[in-house]
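Each of the two complexes below includes chain A, the first together with chain B, the second together with chain C.
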Partner chain A sequence: MKSNGKTDRPSILARVLQIGYREKGAAFVFVIPFMIGFLIFNIIPMVYSVVISLMDYNSFKPMNMIKFIGFDNYTRLFHDPIALNAFGKSFLYALFYVPGLIILSFLLAILLNRTFALRGITRTFILMPYVANVVAVSIVWSILLDPFGGPVNQIIAKFGIEPPLWLSGVKTALPTIAGINIWQSLAFQTIVFLAAIQGVNKDLYEAADIDGASRWKRLWSITLPVISPTTFFLVITSIISSFQNYASVRMLTNGGPGTSSRVISLNIYEEAFTLNHYSYASAQAMILFAIVLVITIIQWKGQKRWVHY
Partner chain B sequence: MGTLLRKSVFNIIMLVIGLLMVIPFIFMISASLKAPADVFVNPMQIIPEHIYTLNYETIFHHKYYFHWYWNSISTVVLTVVFRGLLVTMAAYAFARLTFPGKNILFLFLISAMMIPSDTTIVAKFMLYKYLGLINTHWVIILPAAFDVFFIFLLRQFFMGIPKDLTESALIDGASHYGIYFKIILPLAVPALITMGLFTFIWTWNDFISPFIFINDINKQLVTVGLEYFQLEAGKNYALQMAGACLIVLVPITIFAALQKYFVQGIAMSGIKG
Partner chain C sequence: MGLKKKRQAFVVMLVSMMLMTACGNTASTQSDQKEAPDKGTEKERVVTVYEDAKRAESDEVKKELADFTKETGIKVELNIVPGDGVEVYKKIDIDMISGEKTDVIRLSNPILIDKYGSNGWLYPLDELMKKENYDSAKVFGKYLPKFADNKTYVLPDQAGKWAVYYNKKIFDDAGVAYPSGDWTWDDYIATAKKLTKADKGIYGSYMLDYDNYMYMLARQYDVNGYKEDGTSNYDDPAFKKALQFFGDLGNVEKIQPSWLEFKSKKLSWDGFMSGNYGMHFIGTWYTNQFKDKKTYPRDWKVGITQIPVPADGKGNNNFGIVAGYGVNKNAAHPEEAYTYIKWMAENSYKYGGNLPARVDLNDDDIKQLFKKTSDELSGEITVEDLDKALISNDLGFVDEKITGAGSTEYSNIILQESELYLVGQKSLDDTVASIKKRADQAIKDAGGK
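Our next item is the complex of A and B:
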């Protein structure tokens, strides 16, 4: 085989280069590599997940021993108090996380929208947690919130208040994790809100000024309705991300104390990679996906009531 | 005078909010420079009385720490290169070329973004095992290269480049490859920096993929390595903090330098178009 030999017929490379002069052909060359990888790394796992969830691959065994068992993994789920509890914990977590994140990031965006001398440095500070490593963040918060002698409780004790147990408390573990995750993802939401607020047509505010509207009224009747599509987008994406908190929960509490912070993502990973219940874990993941989908669809239907395009 | 006072108060309030956000980092740096016994000394000293360097010396002599570092850097660089090429090509086609099935294909890609990545983790594990990717760095690089989010982002950017620029080149006989390499990519440098920056931060901070797909501790990346380091350090919080510091420092430094691109990128991703 000659690699660089010149022949009468154009080489494959030359033919591919020739295609570049035709729009459809070029599009094919540009899109195909991505689509092949997308098929392998996105579509096949998705289809395969459904297949696994219908099998009895719940222990190490050779592939030819694995049988289809229909929806048994799914029905089993509804008799499994640990899994049901984990779904409940995830909902509870979302109830802390999503409203907290949306409200705080909106307020922060309103504040950052004003011009002030220290704006640059403040913005840098607010963005920093977003780029920090999840394990590093978990380590530092675990130490800061150490219930016995940690710096936060040292300060709280000075005020004569009974210091909370934070991550070690049955009632406080889940909201504490939510708080730490809000702190870390606040920057993203804030910037998106800020961009939306800055995109609001200035004429609307001028008209409101002529009518003598108060600052509060302007916020309520102009800013909020105009940016509602952005709010909608952020609510949906933060609900989806609120179910994917495995890394931080594992690092901060590993589901404890007891099962008080054992959310569904943790449960799925434990079932799959600690107990080797691959099929059962996949069934739980499918249910999780279905729940996220249903929530998104409900939001989509319900958006007419409050989202203005 | 009234407005000046109000302005100062507002600045101070904002600075306090900003400082509240970075207190954990300040604590991290401060504790990493303390002797283990001094971390919880009450009242807390932000600036350590004696600078204690043994924590960092321990890290410099650690068996794996810089392996993890190097592994992460090489993985990040390869991810940026592969993703950069594959995603920009596809985004160019979606933004500037017409071909049959384009809109349906794009809708299909976008809807795949809605699938939470945890959903398919078991199937991915089995597939990667079958493909022989488990316990190599390719198991991180290849799946990350085909990321739909950045197609979405770059398509937006490419659509904003004036058509006149590319049309005159086409008339002059340039091929679409030439236009992509010589016109589109150079103009898209800000968007490419944004993509590189996000890729760097997300890959550097990812926990789940290396944790599930890489077994050998000397092949690990920084995030999972740091967890190993933490468990090894036991109750030595000062050492834990030093280990965390060196891993947080890199993205924060890069981010501080390129903050503008970061903010633009987030703002772009949040605005529908």
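Our next item is the complex of A and C:
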């Protein structure tokens, strides 16, 4: 006997209830809390920020007095020396921070991969700056680098060298902040590199030894190519984080002296919350987003040349 | 049902329950929030007030609020904003835009009074005052903040002046006589030099990193920050002279920490309380720090004298600011809020030790205030000292801040550019030219000329 199609077909409610029992359905249920959070806390604010950037919300007035002004906030940016300077400072900061961080963490990972006494405790100590609070870190470094009798400058002066102004110098403030941030972020990058180095097949090194390869040749021709996907990941994430740097700049110099360490994230914050230039700050944030996106796409496209999967 | 399916079903149920629980909680919270005002209006009168974390903890504020409630029967609920100083207004700004209903906002300087009052965030008080025939002009006179639409949005609670506080121990140790007032900046520098003992970490003078220090001399000459056409007046030679004067105190005269040292060592607004400085040039709001021996235990006594003036006799002015209270235009309890700000404007000087903004007080009222301050300081500063430093002298009074179109931006520009001069990275002429150029643009962007 043929069954009636209508009576066999489960109701919508029953089908919805069944979703969770299917593999794809279960995955959806797992993902949905994240998606809701992502939508509320990321997507909607981003869309809101785009809308705000097209308005004249550049003074402390009620929302009902705001009107659309198109791309004026974007064009204004190209005539604003402070904002352009802030973008320039962020690029400069990235130039100090990213290569410094990648090179130092790689070298440290190479060292930590060796067998030596107290290796476990050394690895633990290296991790400590990473878990330290940025405010505490800033206070400690401010004291250490105090140009007026700070311990670092006292030591330098003993060697007869004119000590730098560090965080108080127009030319030294930004590199000093980059150095402090490298010191703090070093642990994470080192651990990731260490894991990647430990994952390199030992047979490759043995084969290279038999062929008489030097230590440098092994590093250049085996280690670096094999860990290149990890290096690629770390370069992308550190570039993004370098452009987002705000807290340490705020705590260490607050953008000074003058505007010599005023990076774009700090500028956006000041424009929005000190000067109530919400639209202009949003436009700057959108430009920053576009710059980071373009840099990431360029890296993604360029990875074929040096990343080996 | 297989074990795998049972496990899946369990996980799905768990996630659903978590989501429902979260939604359920939100709903009940909203419901509670909706009920709260009804309960409040039925049972008791309430006023909600923004307060910064530091002030909210102070004994004076606690006593002030308790006395207000005792007198009016209105319960005060504080909306405490983390931080202190002008930092708290960053959150309050966002709250205003979001339609927050907290009733009362304390506005601690004229820039903030202008910003909140002129941009339509405050409730006009005229109708409420008219209802009870309250003549605010008679009570507060010249200190009553004025707005373009001629409405009253703010009642002032203090009209602070500036003074020089000095550490008597440092004077005694150096064998220098205490300043007796009626003195010039040259006298101030000469005195501070005698007190400075660099090897012992003692400076004769201490000043902060506020914008108005950069142009205090110009304000003493009563030179305005804006020209008559509304553009920046920073190209007036008085501003150049004022910035050079302030920079020289640290860099040339070396009587106080240079800007570089102040910033590098992250010296703070209450640094004078450390006991390492001979004199501190600051507003009278600072008197409270000397009363607070729990936070600032000290083995030295404090004195007060009037501010120095330029030697040419053309700038014989003290300066200061008016601070006050406004009612949020979205206030949930506007009438209670009005009662609160009126009470605070009339009475808060009795608690904090600030000079009142009331012009209806007589000499005895002021003497009584000074007597209270003197008693709280165990006689370290006498009634006569306070009177001579702040009232009975030949000094005029000018506004401490530059207020007008784009004044927040103006203030930030002055600080940013002046810093480059103070640390030796920019010439004086280039600095004032940059300030003038950027301030003109900021004024234009803010809708000025």
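Basically, the second predicted complex is superposed on the first by the 278 of 309 C-alpha atoms of A that agree within 3 Å, B and C clash if a C-alpha of one lies under 4 Å from a C-alpha of the other, contacts with A are read in each partner's own complex, and residues count from 1 in each chain.
Just so we're on the same page, contacts are C-beta pairs under 8 Å (C-beta built on N, C-alpha and C of every residue); 3 or more make two chains touch, one makes a residue touch a chain.
Nothing here was measured: the structure is a model prediction, and the numbers come from that model.
By the touch criterion defined above, A:Phe71 lies against neither chain B nor chain C after alignment on the C-alpha atoms of chain A. Once the two complexes are overlaid on the shared chain, A:Lys61 sits against chain C while remaining clear of chain B.
In the superposition on chain A, A:Phe273 makes contact with both chain B and chain C. Of the two partner chains placed by the overlay, only chain B lies in contact with A:Asn42; chain C stays clear of it. Contact with neither chain B nor chain C is seen for A:Trp220 once the two complexes are overlaid on the shared chain. When the two complexes are overlaid on their common chain A, residue A:Trp306 makes contact with neither chain B nor chain C.
By the touch criterion defined above, A:Leu194 reaches chain B but does not reach chain C. When chain B and chain C are set side by side, the one touching more residues of chain A is B. In the overlay built on the shared chain, the residue A:Phe30 is in contact with chain B and with chain C. By the touch criterion defined above, A:Thr259 reaches chain C but does not reach chain B. Residue overlap on chain A between the chain B contacts of one complex and the chain C contacts of the other covers 20-21, 26, 30, 33, 139, 146, 150, 273. Contacts from chain B toward chain A in the complex involve residues 7, 10-11, 14-15, 17-19, 21-22, 24-25, 27-28, 31, 39-40, 42-44, 86-87, 89-90, 92-94, 97-100, 102, 105, 109, 112, 114-127, 142-143, 145-146, 148, 151, 175-178, 180, 201, 204-205, 207-208, 211-212, 222-224, 226-227, 230, 237, 240-241, 244-245, 247-248, 251-252, 255-256, 259, 262-263, 266-267, 269-272. Only residues 20-21, 26, 29-30, 32-33, 58-63, 82, 139, 142, 146-148, 150, 165, 167-168, 170, 255-260, 270, 273-276 of chain A touch chain C when the two sit together in their complex.
Across the complex, chain A is touched by residues 5, 8-9, 11-12, 15-16, 18-19, 90, 93-94, 96-97, 115-116, 119-121, 260-261, 263-266, 408-409, 412, 416-417, 419-420, 423, 425-426, 438, 445-447 of chain C. Those residues of chain A that touch chain B in the shared complex are 17, 20-21, 23-24, 26-28, 30-31, 33-35, 37-38, 40-46, 48-49, 51-52, 108, 111-112, 114, 116-119, 121-129, 131-137, 139-141, 143-144, 146, 149-151, 154, 183, 186-188, 191-192, 194-196, 199, 229-230, 233-234, 240, 243-244, 246-247, 251, 265, 268-269, 272-273, 278, 281-282, 285-286, 288-289, 292-293, 296.
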